[in-house]
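What follows is a pair of complexes built around chain A, which joins chain B in one and chain C in the other.
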Partner chain A sequence: MKKKITNGINVFLFLLPALVLFLVILIIPIGLSTYYSFQDWNGIGEMKFIGIENYKTVFSDKIGLGPAIKNSIILAALSTFIQLPISLGLALLLGKGIKGERVFLSVFFMPVLISTVVIGQLWLKIYYPEQGMLSILLSGIKFGSTSIEDLIVNWINNMNAKLPIPKPPYTSVPWLGNTYTALACCFIPVLWQYVGYHMLLLYAGVKSVPPELREAAKIDGASDGQINRYIVIPSIKSIIKICVIFAVTGSLKSFDLIYVLVAKPKVADVPSTVMYTQMFKANNYGTGSAIAVMLIVLCFAFALIIGAIFRKED
Partner chain B sequence: MKMKKFASVLLAGAMVATMAGCTTTTDPDQPTTPGTTVTDPANPSTPAADGEVNLTMWCIATESDSNRHSYEAAIADVTAAHPEINFTWEAFENESYKTKIKAAVAADEMPDIFFTWSCAFLGDFVDAGRVYCLDDAYAKVKDELPESMMGNSTYNGKHYGVPLTMNIVGLFANMDLLKEVGYDEIPGTYDEFIACCDALKAANIIPFGCAGKETWCVTEYLESVIEKSVGYETLNDIFLARATWANPDVASAVDTFQSLVVNGYFDPAGDALTNDEVKANFMAGKYAFYMNGTWNCADFAANDEFFAKVKVGEFPVINADKATLGQLIGGPSDTLAVAQSSPNAAVAADFTFELGRLICKYGYLDGCGLPAWNVNYDDSAVNGLTQTVASICAQAKGYVLFGDTAMAAGDAQTYLEEVAMVYGCEVDGQTFVDDLASAIR
Partner chain C sequence: MDTNESINRISTVSKVLIYVVLGIWTVINLFPIYWMFTFSLKGNDEIFGGNMMGLPKHWLWSNYSSAMKTGNMGLYFLNSAIVAVVSILIVLIASLMATFAITRLVWKGRNLMNKFFMLGLTIPIHSSLLPVFLILKKLKMLDSYQSLFIPYAAFSLAMGILICSGFMEDIPKDLDEAATIDGCGTWKTFFLVIVPLMKPAVSTIGIYTFLQCWNELMFANTFITSGRFRTLPVGIQALSGQHTTDWGPIGAALVIATFPTLLVYIFLSKRIQDSFIAGAVKG
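Showing the complex of A and B:
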């Protein structure tokens, strides 16, 4: 009995630092955000309790949270259905043990190590209208006399012509300055940056599949594709689930790259940029906190839904 | 077993201690250099030994800021004159500074002296009781700093800010491009101005450069058009919440601005550009006109090749019944203030006035703005553009402070979003005023 109590104390002591960290870094800020979300507060002066007024504002179309959530869901879908398959493909390819495996791993993982702000600055140059790398590249690829850039410009001009007051036509694509292309332009660097991150997680899973299973399947005459489909992928389902959760919640929380690339509100807003605008530009800390609470709830909800979907699959 | 228990307690204790160590502040004895923070942020100003006083300052004069030199020169002078003050300062990028200073004010962890924008921005801090009243210190320098320049940082009759330089929105023109279409001067009337824009467009020259990515740049155009249509008093009343936005003349003026957009006078690629990029394009000869703050005079004057081509003027009057030349957008906004929490607030207040006077002097001589303080030194070396701006201001009939500075933060954000929609042709003038009238008041 005494030994059990002593062990219990030891376990508690070892868990204490993590518990303190968890409380200080996660629980207390969430608690405070929830408290602020019921206050009318400009971040500096006196707070005033206003009940659920901030949540009413959040759910109204006043601050544009609806389109921001829609953008986040688009990003999450793109991450799940484009980024993760690419990561999985790379992980399966490298997991086979190809020549230069380590070099490719490092190269694909390298963007994860670069600061997002630096990546944003790099891509700003790529997306620069007219003289940017993307515009030059797409102007050079032509179908007859029309370049891809021209096709995109014409499409945007046609959309702008439907505005209440028709905008003068663009002559080149302002990639990050219009609602039609800005979000897609934000996704490409995200894909480029995090494909290596998911690839590394999946690669570790692929490598953990016992080689005897592969060999046995090969002896039975299975092709590489069949081995991947029927042995490797089912074996790493738990890691795929984690990757999907990271991709979806990461998209819901995305902020830095969009902030650096687009900067202007209402062009490619996501919930975090709306929260930033409310808190730090409009001094509405209460509304910003309500968005923060909503984001937490959304992230938890999506994590639970994804978990449930995978459990059902099992 | 005891040993095991002891080891586990020791390890856990060490881990907790390590965590606590993460929150300890930097050694206050560490040597200081500009751009680094070494003092305890919770108590930035602490009495130093031998009667010395430590003062800290935050500002936005980063290495790339045109005001950097004036800050460095002023600080060198003022610290040489006050060896008893250990002065450290730190500069931050403009946009991130707005967030940083608000967070510092909220936590009451401000430096002794801090840069701020006047009117509503500083007003929020004053309302929260975080700013030291400068009335006593101002009384000592009243002869050098006119009361009119203190207006934007005066709340309930008390002074809370030290103005530095003042700036207005200027209409900069690339005269080489204007000459190509037959204009030797910036057009003086609105009709001539539009004719000039049409001629430029016909010659495949883009009339205006504007950074659509930074909405404050759009307001430099829009506010000038509104002011020259409805008069400065009306616009001032609206910005200062003394009148409603629901004004048909303002709606009509917004439509006038939008007609400039719809007629294709603005660079469409500007939608995706920052102000720095647009400014660089203007200096490279891509646009004929660039409306922006007169703080740009310093950068234009520093480029010999471009300086020979550029002129600055005033946006022409659109409705002569309500507006006249001399009605300008701008005024003293850049301000230094003292934290109420500073243990040396009285010393900091005197120091701030002295520093502000010198920043103003060097800033004016560099061409970064016009002096908010009286000029009692030789200013004959000031660049020609700044001198032109000075002569425009000498004829000024009235000023309207930049809208996003004059209005409270929440209102300013709503205003900027509506301006972006006008520029993006999503709403017209009537919708603009209706939206603002319902959202702001």
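Showing the complex of A and C:
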């Protein structure tokens, strides 16, 4: 009996540090966020219960969350249908077993470790209008007398001229400063940074396919393409599922890169940047919390939906 | 014979093709990093004067001293290092202890407790941002090291426990029993038998936590209000706001923030990759 009690005390003491951290920083805040999301509160005055008013605001046009969600869904789609196939292609190439496979793997994974702020700053320079690398590169590629840069400037100017309040024409492309190119320009660094991440996970899956299976298929006359199509890809389906979930929820949650690249012009918001503005610029704690709660629910919902889609495929 | 030859030819062609593809992707991966290092050593005359992509003609080390002096990168580097080290220590202690309770001690509900902690792998930091900010404000702890290392440790904890469980389950249970027979209590067994055997887990958790803290922006941007406790990501943002036209010092700051990570990666690439795989596959 006494032993049992000491065991109980020990269990409690061993769990204590982790449990306190976990409850105070992760679990209780979820409850608090949910609570705030039903209040009208600016952080200084009294809280006032207003039911689902904040959620109504969130889904109205007032704070621009609609376009932000649209942007993050576009990012999610681009990640799933452009980034993941590149990652899968690289993983299949490397997983087949070629010379220098570890070196390539390590180089391709490297961008994942670099701070997103650093990457954002780097791309900020690349996208610098007129004198930045991208502009210089694209004005160098010419068809007759018009360069690619000219084509893009003309396209943006044409689009702007059709607006109800036309904007003055640009002379060079403001890559991050206009709504037509900003989102695509945000996606390219995302692609650059995270292809390696998904590639690593998929590569680990490809490597776990028993080599005998590969050999047997080869003896039966299967080509590399057939082996990948009928043996490797079906057996790494669960990892592909994880990658899709990460790509989608990661896009929904993305903050750093968008904050660094387009925070000032506010041309391409995502839900997190709208949330941040509501919380710390507008001091609408209730509305900001409603966005936070909605984001968590969306992430879990998308994870479940993607899981269900993959199960249905079986 | 003929068919063999043609098959061989096809496979040589496809081999060359594979290396071309991998080579192109290698260049795409390395070029921005190469460019960061080179423009950190150039003046504006070279960056905008036709030597944007080449090696610097005059190696302008003064960019680094101005990043250190006017940009305060030295202080921010130190702050980032302090926050990272303390976070790592907390994660190590808390996750080693919790994992011991979950995998070695016998009690009802330990599986449930493990699942509970694993929730932490999927909870985004967004839901904690405002509540933790308000808690810190109430405790007058905003703008301090602890306002960062406590939340950072909490968010790396689930991963720490996950990594620890993997290694701790590999330690044979006989060792605990032998220790008990030798008269070791639970705590002695933990400190003298289990902890010394967890060295590989310690380095894996250390690296993972380091990367999380070193690169984090959202919390650092919110919880730190003065220049004194700024970490590198926030410091770089501030610097780039001041030096909009002078790129060299910004490049230097980017290199200062990145080289520790790359250095660690060069020596521990396999271990770092493994920790990312472990986290994804179970999470």
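One rule holds in what follows: the second predicted complex is superposed on the first by the 284 of 314 C-alpha atoms of A that agree within 3 Å, B and C clash if a C-alpha of one lies under 4 Å from a C-alpha of the other, contacts with A are read in each partner's own complex, and residues count from 1 in each chain.
Going forward, a contact is a pair of C-beta atoms (placed from the backbone, for glycine too) under 8 Å apart; a residue touches a chain by one contact, two chains touch by 3 or more.
Here the structure is a predicted model, which is why all the values come from computation and not from measurement.
Chemist: Touching A:V293, do we find chain B (first), chain C (second), both, or neither?
Modeler: After superposition on chain A, A:V293 lies in contact with chain C alone.
Chemist: After superposition on the shared chain, which partner residues are touched by A:N10: those of chain B (first), chain C (second), both, or neither?
Modeler: In the superposed model, A:N10 contacts both chain B and chain C.
Chemist: Chain B or chain C: which reaches more residues on chain A?
Modeler: The partner making contact with more of chain A's residues is C.
Chemist: Which of the two partners, first being chain B and second being chain C, lies in contact with A:S115: first, second, both, or neither?
Modeler: In the superposed model, A:S115 contacts chain C only, not chain B.
Chemist: Does chain B (first) or chain C (second) touch A:F302, or do both, or does neither?
Modeler: Neither chain B nor chain C is touched by A:F302.
Chemist: Tell me which partner A:Y194 touches in the superposition: chain B (first), chain C (second), both or neither.
Modeler: It touches nothing on chain B or chain C.
Chemist: For A:N160, is the partner it touches chain B (first), chain C (second), both, or none of the two (neither)?
Modeler: Touch partner of A:N160: chain B, not chain C.
Chemist: Quick check on the superposed pair: does A:F38 touch chain B, chain C, both, or neither? Answer first, second, both or neither.
Modeler: Touch status of A:F38: no partner.
Chemist: Taking the contacts chain A makes with chain B in one complex and with chain C in the other, which residues are shared?
Modeler: Touching chain B in the first complex and chain C in the second, residues 6, 10, 14, 16-17, 21, 43, 280 of chain A appear in both lists.
Chemist: Considering only the defined contacts, which chain C positions touch chain A in the complex?
Modeler: It is residues 14-15, 18, 21-22, 25-26, 28-30, 32-33, 35-36, 39, 48, 52-53, 90, 93-95, 97-98, 100-101, 105-107, 113, 117, 119-120, 122-124, 126-132, 134-135, 150-151, 153-155, 157-158, 161, 186-187, 190, 211, 214-215, 217-218, 221-222, 232-233, 236-237, 240, 247, 250, 254, 257-258, 261-262, 265, 269, 272-273, 276-277, 280-281 of chain C that touch chain A.
Chemist: Of all residues in chain B, which touch chain A in the complex?
Modeler: 1, 4-5, 8-9, 11-12, 15-16, 19, 98-99, 102-103, 105-106, 124-125, 127-128, 130, 212-215, 258, 261-264, 266, 268-274, 277, 408-410, 412-414, 416-417, 420, 424-428, 439
Chemist: Going by the contact rule set out above, which residues of chain A touch chain C in the complex?
Modeler: Against chain C, chain A makes touches at 6-8, 10-11, 14-19, 21-22, 24-26, 28-30, 32-33, 36, 43, 90, 93-94, 98, 104-119, 121-126, 131, 133, 136, 192, 196-197, 200-201, 204, 224, 239, 242, 246, 249, 253, 255-256, 259-260, 272, 275-276, 279-280, 285, 288-289, 292-293, 295-296, 299-300, 303.
Chemist: Spell out the residues on chain A that touch chain B in their complex, using ranges where they run on.
Modeler: So the residues of chain A in touch with chain B come to 6, 9-10, 13-14, 16-17, 20-21, 42-45, 62, 127-130, 160, 163-172, 174-178, 262-266, 277, 280-284.
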